[in-house]
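What follows is a pair of complexes built around subunit A, which joins subunit B in one and subunit C in the other.
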Partner chain A sequence: MTWRPDNRLALENDGSRVDVRDKVTGAARYTTDYYPEGLLWASYIRCPYGKAFLRSSKLEAARAAPGVVEVELEKQEGTYPGDRLGHICAESRQALEQGLAALALEFERDRPATDIEREKKPLETFDEDPSVQEKQADLERIFSEAAHTLERTYQTQVQTHSCLEPHNSLVDYRGDHATARQSTQATFSVRNELTEVLGLPPDKVEMHCEHVGGGFGSKFGLSPEGQLAGKLSKKHGRPVRVLMNREEEHLDNGLRPGSLQYMKLAIGPDGKLLGGRIHTWGSVGPVGGGGGTSNPSRYNFGIVAKTHQDVNLNSGFPRAMRAPGHPQGMFAVEMMMDELAEAAGMDPLEFRRLNETSDVRRAMLDVGAEQIGWHRRKPSGTWEGPLKRGFGIGVADWGNSPGEATITIHVYPNGNVEVLSGSQDIGTGFRTLLVDCVAHQLGIDRARVEAKVGVSTYPPGPGSGGSVTSRFVAPKALGAAEQARQDLRQRVAREWGVPADEVAAENGVFKHADRTMSWNEACKLIGQDRLTVTEKENGIFWKEQTGSEAVQFVEVEVDVETGIVRVKKVVALQNVGQAVNRKTVENQITGGVIQWISFALFEDRILNRQTGAMVNPNLEFYKIAGSRDIPEIVPIIWQSRPDAGVNSLGEPPVVPTPGAVGCAVANAIGVPVRRMPITPWRVLSALAERDGGAV
Partner chain B sequence: MQPFNYLIADTLDAALAEYAENRPVLKAGGIDLVDRMKERLATPAVVLSLGEVEVLRYIEPEGEGVRLGCLTTLADIGRSELLNSRYAALAESAGHAATPQVRERATLGGNLCQRPRCWYFRAIHFHCLKKGGATCFAVEGENQYHAVLGGGPCHIVHPSNCAPPLVAMEALFVVRRAGAEERVIPAREFFVLPSSALDRENVLAPGEILTEVRIPRAPDQSATIELREKQSFDWPLAMASVARVDGRRWNVCLGAVAPVPWVSEEAAEVLGSADITPELAARAGEAAAQAAQPMSDNGYKTQLIKVAVKRALLKAAGQEVPA
Partner chain C sequence: MKQKQSRPGETGFSRRGFLKGVGGAVGAAAVVSRVLEAPGLARADEITREGIRRVPAEGLEITLHVNGEERPVTVRPDQTLLEVLREQLGLTGTKEICDRGACGGCTVLLDGRSINSCLMLAVDAAGHEVRTVEGLVQDGRLDPVQQAFVDSDACQCGYCIPGFVVRSRALLDEFPNATPQQIRDGLAGNICRCAAYARIFEAVQTAAAGGNG
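On to the complex of A and B.
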């Protein structure tokens, strides 16, 4: 097990992301930067309340508003805030807004279901479940043998998708073909679903996605924005844009479901987990499910009987969000781990080492403890003065199965190289990954390589979800570059009249005996317009997998007089297998930590209990971490084995953060805050409750 | 946003004349107004911008005190050496509001006259009391950021974080109207409770423009403490400004906990003109929170009032407080 303190040394490459200049100068074009001739604007007509019936609307007034092209109402009943009742289409965004205002919707409201605690079935209901019954004897034995048994319930809030770039789509249907632009995590899924809406074959629909301002799981498929743009573009034969506003983003573009997590767990006299009973409830939309949590996971829990209920509320629907189910599940798991350690009189680090399932993480725990200064941790609640320090730990991992992708590269006689993939760069650095893989394998300067991505006519590739893009694509990019290198090597050998296997091709220079040929000279030997290579197999570039293990240590300072929590430092260790580009890897880790500090302390989708309307569908009261809320973050790139391939990175770094923050707060103030977000209100309530009062 | 005509005043007189005659909606920095226009809470036919009236942007010492033009930006105030050294309670508030970008646009007058940030008032589909409806949704609904003092029938908190220090420092607000003498109003009398008016938060009459803030005498000591969930770009959950003027007794004004900047007579009573000790500061904090009447979810604000007052007093007395 090796760990190198300087991430630079762990990597071959320290280059900046290849599109940094475009992004900083504004040259990078997003979907909303395109304004085709004859553009129409459209949007959904929505119900703002949880459960309401449309009593009246001024349909004719809206249709008569200047610039309004069409207004259709398709249903009267709204079952969640943001529910789509119909649509409106207009010549401009201004006309669209005026048409919507003219519509003057009036609703009859009904009492909505907004509270998971009130709507859930009681715990006992689930004890009858066969999966619980069959473990009943074991559980009884465990609880009777246990040195300590704790029964706790943890609660996590709804986190909405609030991508910086709103969901938006632009479809231009031209009878026998169509062009679409959409902010997406999956170019090909948008194209495929659009073929159905437009009634065109796949080769007649061209989908583009140049840049994306964040997706986080909420931008798969054609989505409501693309459905509407496609339908109306076909109807009117004009390009149509659908662009969500910030309120729509919060209401109807998906969310991480809220959870209640009941845990009754036992530990033996040696501190090892024996098992117990876990039940979780997840808050989901008015119909359907998707509220599961990853509790239990990661640690060796022993024998656990787990059940789950999705609780339907008059609220928006769950949608995949960066490690769905995991951060909230691990919040409860890590908090429980600390409470159990406390009960056993053990150091939480020791307790985790003892119950850890992964040797890799055990080693990471040791390094992380040293880096954060775990020895500074005091027993919970013993810090002097109103400002109290606390330390917490969180862990995670992620799978690394292989998958399909195709990469094409073109090498031009002037020595320039293009690498093509239809997959999209969602902002995390897919272009950079391709350029670095190809430049590395060819041994040439990365400035000579350009990545072209996000067009459906380019070679197929994966949607960016499940942390698959890099690991699916990198082996093919390396493989394609290797084929090109061999092709050039043969051309040089032919030119020199020597056997190809005697020509060395290293660092972009070809050598035989005392002869050398530069990359540029060699490329002139390309006979046709260019050398084109396509690779769709993993071949020798699929290497051993790691578990993409993650371990984070968090240090917080809590003001017990005000309840204000400040995260001071996070040490984030992340196993990524082979790191390709240091900056983007560190960026991904750091960004994940920031995003989930925000979840732990601030973010909260709040529904009004009388009307079911969301009271904070904006970025003013739906609070996200700002620059002063962001601590020192130390990303440590862990390479558990030297021969590993390119592995998952997108999701694992976000999983440990909320649990580690929660544990650190409990350590600081001497009482666990079992409900996120950990706001002054919750902290002061937990302190008051301990002292026998209430706030 | 609905279409509107945009007028830009280049002199104060022109602005006053236009304002008196055609009753446009006034815009200074636009931070509050543009938000409300985007939400269709304000749909003015005409917006009158004061942005070009540079004569209203000044910080001028006068006698024992200072005069501030109402178009002075929060950034100007936060940067001012004079204000930082002698009017710390105000400089601290202005210098920490919102974000650097907002502070460069937001004006003192706009900060004092902005409409509440209550999430029911700010959403068009809540037809709340303040918008002419029948219900204050905070009463039965989500009220963690609402008032614990002076609320009813509407339970907003006043959003200005420059008002509490100005009230504590006994500032005077100068109001102008076309063809009339200036009207000078003590800061603490400028704001009105919902029990006296629901459709506005201050005493400004039609046609009147707040043009200047005068602090007649620099306080001997002053400080502000604001407590926020987030340390970047967030509204305070509770704040306290304290000042001792002319060797006389302490003034304590609370922010973000009542529909107006809330003068705590109880705290002032406890303090008198005494020098601050930790015990006295804590007692004043307790006194300030005594009258608090929390709703279902904002009881924690009572504790925050105690801490904000205590720390503001200690800070004003030159003692170190947790930051």
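On to the complex of A and C.
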């Protein structure tokens, strides 16, 4: 196992992302930034309450409002705040707002289900489950042999994606063809679903998403915005925009479900986990599921009987959010690990080493402990004074299976290169990955390579989910570049009249004996408009995969007089196999850490228990970590294998953070706060409860 | 550049008090005198006794000074500066994210000071120098702040970045040698959901140390 701060490709490619200039000058155009002639605006008519029946509306008044094109109500009953009851379409955004106001909706409210604790089935219900029954004898044995058994329940809140570019779609149907723009993580799935709405074949619908202002899992498929824009554009023969406002973003565009996680775990006299009983509840929408958690996972838990219930609430539906199920599951797991270590009188680091399933992570634990200064950690609750320091650990990993993608490269006689993929750059640096892979394999300057992405007429590629984009696409980009390099090498060999295998092609220069030819000269040998190469196989560029292991160490300072938690430092070790570009990799690691510090400490979707309406559907009371909340973060790009493939990065760095923050807080104040977000009030409550009082 | 004290009775628009509340970025007295001198605006019959000027619902032709150019536009009284910049002038670098002053995505410079353009009516911007993220580029050369953002890879999805760039420009104009703490405090009104903060801080610090253009 070697640890180097960077690895080969990443060291070569230390450039900034290739589209950063467009992003800092405002030249990068997102879906929201197009205002075509004849644009119509449309939006959904929504139920503001959790459970309500539409009693009256002034449909004709709304239709008569200036600039309003159509208003339709399709249903009367709303089952979550933001539920879509109908739609309105108008000549301008102002007309849209005035039409909605004129509609004067009046509802009869019913009592909504808003609270997972109140709505869930009791734990005992699930003990009857066959999966529990068949382990009953084992569990009884484990609990009787255990040196320590702990029974704990942890709770995590609902987090909304809060993409800064709202969900929005712009469809322009022109009879025999259509052009669409949508802020999406999956160019091709939007195109495909749109063909059904528009009744056009795939080759007649061109989808664009050259720049996407964040997705985090919430922008897959055509989605309500694209459904409505498509339907109305076809009906009116004009371009139609559906643009969610900030409130709609929170209400009806996905969320990370909340969770309650019960754990009863036993450890033996040696400190090894023996197993136990785990049940989790996930808070989901009014129907359907999607509230699962990754608990237990990562550590060697022994024999565990696990059951789960999705609890239907009158609230918005979950959508995949950056490592769905994982950060909340690992919050409970890490907190429990620390509580068990405490019970056994063991150092949490030692306890984790003992119960770790991965040799890679065990090595990362050693390096991380040294980097954070784990020796500075004091036993929980022993720090003097009102400002208390605490340290915590979180871990993760991610799968790295192969998948399909196609890459096309054009090499022009002037030596410039284009690399094309229809997949989208949602801010991760996908363009940059393509450019750096191709430039590396051709041995030329990255400035000579341009990436064109996010258009459905470009070669097919994956949606940006499951952290697959880089891993699916990089081998094909490298392979296509290699084919182009070999093609040019043969042209040079023909030109010189020597065997191709005697011509060296390195660093963009072709050599044979004492002859050399530059990249530009070689490209002039291309005998047609351009040299085009397409690759869809992994070939030799599918290297041995890693587990995308992640380990994070967090240091916090907690003021026990105010309850305020400040994260001071995070050491984030991340195995990505072959890192392609240092800056984008580090940026994504640190960004993930901050996003999930934000989850651990601040973010909370709050529902009014009487009405079911969301109390904080905005960016001032739905608090997201900002510039004053950012700790020192040390991203460490780990290399566990010298010749690993390009592995997952998007999701694993966000998984360990909330658990590590929670453990650090517990270490600082001497009592665990078992419910996120870890707000000042919860810190003070936990302290007061320990001291036998109440806040 | 800016007159800070307001003269009671002369301050003009109905959103005057509101604007003053937005961080004192706009000298209220200056607003009035400049607006009244602005072409297409000085129609005495529309000035009430209290100095509150009416703008016809169907719109008023005004001239905005944006990025060094005079741009005639017809604006309705309910249109924000943000909407007019984006929809009428094609300056889509300025982004709408929260639409209520909580995120900084729509930050532009007004007479050199940063404001949230979603909180300013377009009619109120007449007579002022507006500069957007596009206007920080001079003769194809990036502003030193923009160059520092490029060098530090200070973005991910980039949707918030124009706001951060413009706010950072204003911050460094105010504190040319900004300390790390001043940078953090000065950017507290901007949100980056991808959380590229480490890179953003580095960029602004570099721009500060680099002589600030």
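Criterion: the second predicted complex is superposed on the first by the 689 of 695 C-alpha atoms of A that agree within 3 Å, B and C clash if a C-alpha of one lies under 4 Å from a C-alpha of the other, contacts with A are read in each partner's own complex, and residues count from 1 in each chain.
Keep this in mind: a contact is a pair of C-beta atoms (placed from the backbone, for glycine too) under 8 Å apart; a residue touches a chain by one contact, two chains touch by 3 or more.
Quick caveat, the model's predicted, so the values are computed rather than measured.
Asks: In the overlay, answer first, second, both or neither for which of subunit B and subunit C A:Gln94 touches.
Replies: In the superposition, A:Gln94 contacts both subunit B and subunit C.
Asks: Who does A:Glu108 touch here: subunit B (first), subunit C (second), both, or neither?
Replies: Touch partners of A:Glu108: none, neither subunit B nor subunit C.
Asks: Is A:Glu689 in contact with subunit B, with subunit C, with both, or with neither (first, second, both, neither)?
Replies: neither
Asks: Does subunit A have more residues touched by subunit B or by subunit C?
Replies: Residues of subunit A touched, subunit B against subunit C: more for C.
Asks: Would you sort A:Gly626 into first (subunit B), second (subunit C), both or neither based on which partner it touches?
Replies: both
Asks: Regarding the shared-chain residue A:Thr562, is it in contact with subunit B (first), subunit C (second), both, or neither?
Replies: Only subunit B is touched by A:Thr562; subunit C is not.
Asks: Check the residue A:Glu72 against both partner chains and state whether it touches subunit B (first), subunit C (second), both, or neither.
Replies: After superposition on chain A, A:Glu72 lies in contact with neither partner.
Asks: Let me test your reading of the model: by the given contact rule, A:Lys23 touches which partner, first (subunit B), second (subunit C), both or neither?
Replies: Second partner only, subunit C.
Asks: State whether A:Ile606 touches subunit B only (first), subunit C only (second), both chains, or neither.
Replies: In the superposition, A:Ile606 touches subunit B alone.
Asks: For A:Pro680, select first, second, both or neither according to whether it touches subunit B, subunit C, the two together, or no partner.
Replies: The first partner, subunit B, only.
Asks: In the superposed arrangement, what residues of subunit A touch both subunit B and subunit C?
Replies: 94, 620, 625-628
Asks: Show which residues of subunit B lie in contact with subunit A when the two form their complex.
Replies: On the subunit B side, the touching residues are 1-3, 40, 99, 117, 119-120, 123, 125-126, 137, 140-142, 144-145, 227-234, 237, 297-300, 302-304, 307, 322.
Asks: With touch defined as at the start, can you tell me which subunit A residues reach subunit B in the complex?
Replies: 48-49, 94, 97-98, 101, 385-387, 559, 561-564, 566, 601-602, 606-611, 613, 615-617, 620-621, 623, 625-629, 679-681, 684-685, 694-695
Asks: What part of subunit C is in contact with subunit A in the complex they form?
Replies: 76, 78-79, 83, 86-87, 90-100, 102-103, 105, 132-134, 136-137, 142, 146, 149-162, 165, 183-185, 187-188, 190-201
Asks: Sort out for me which residues of subunit A touch subunit C in the complex.
Replies: Residue positions touching the partner: 16-17, 19-30, 32-33, 35, 93-94, 162-166, 211-214, 216, 245-246, 426-429, 583-584, 587-588, 590-595, 598, 618-620, 624-628, 630, 633.
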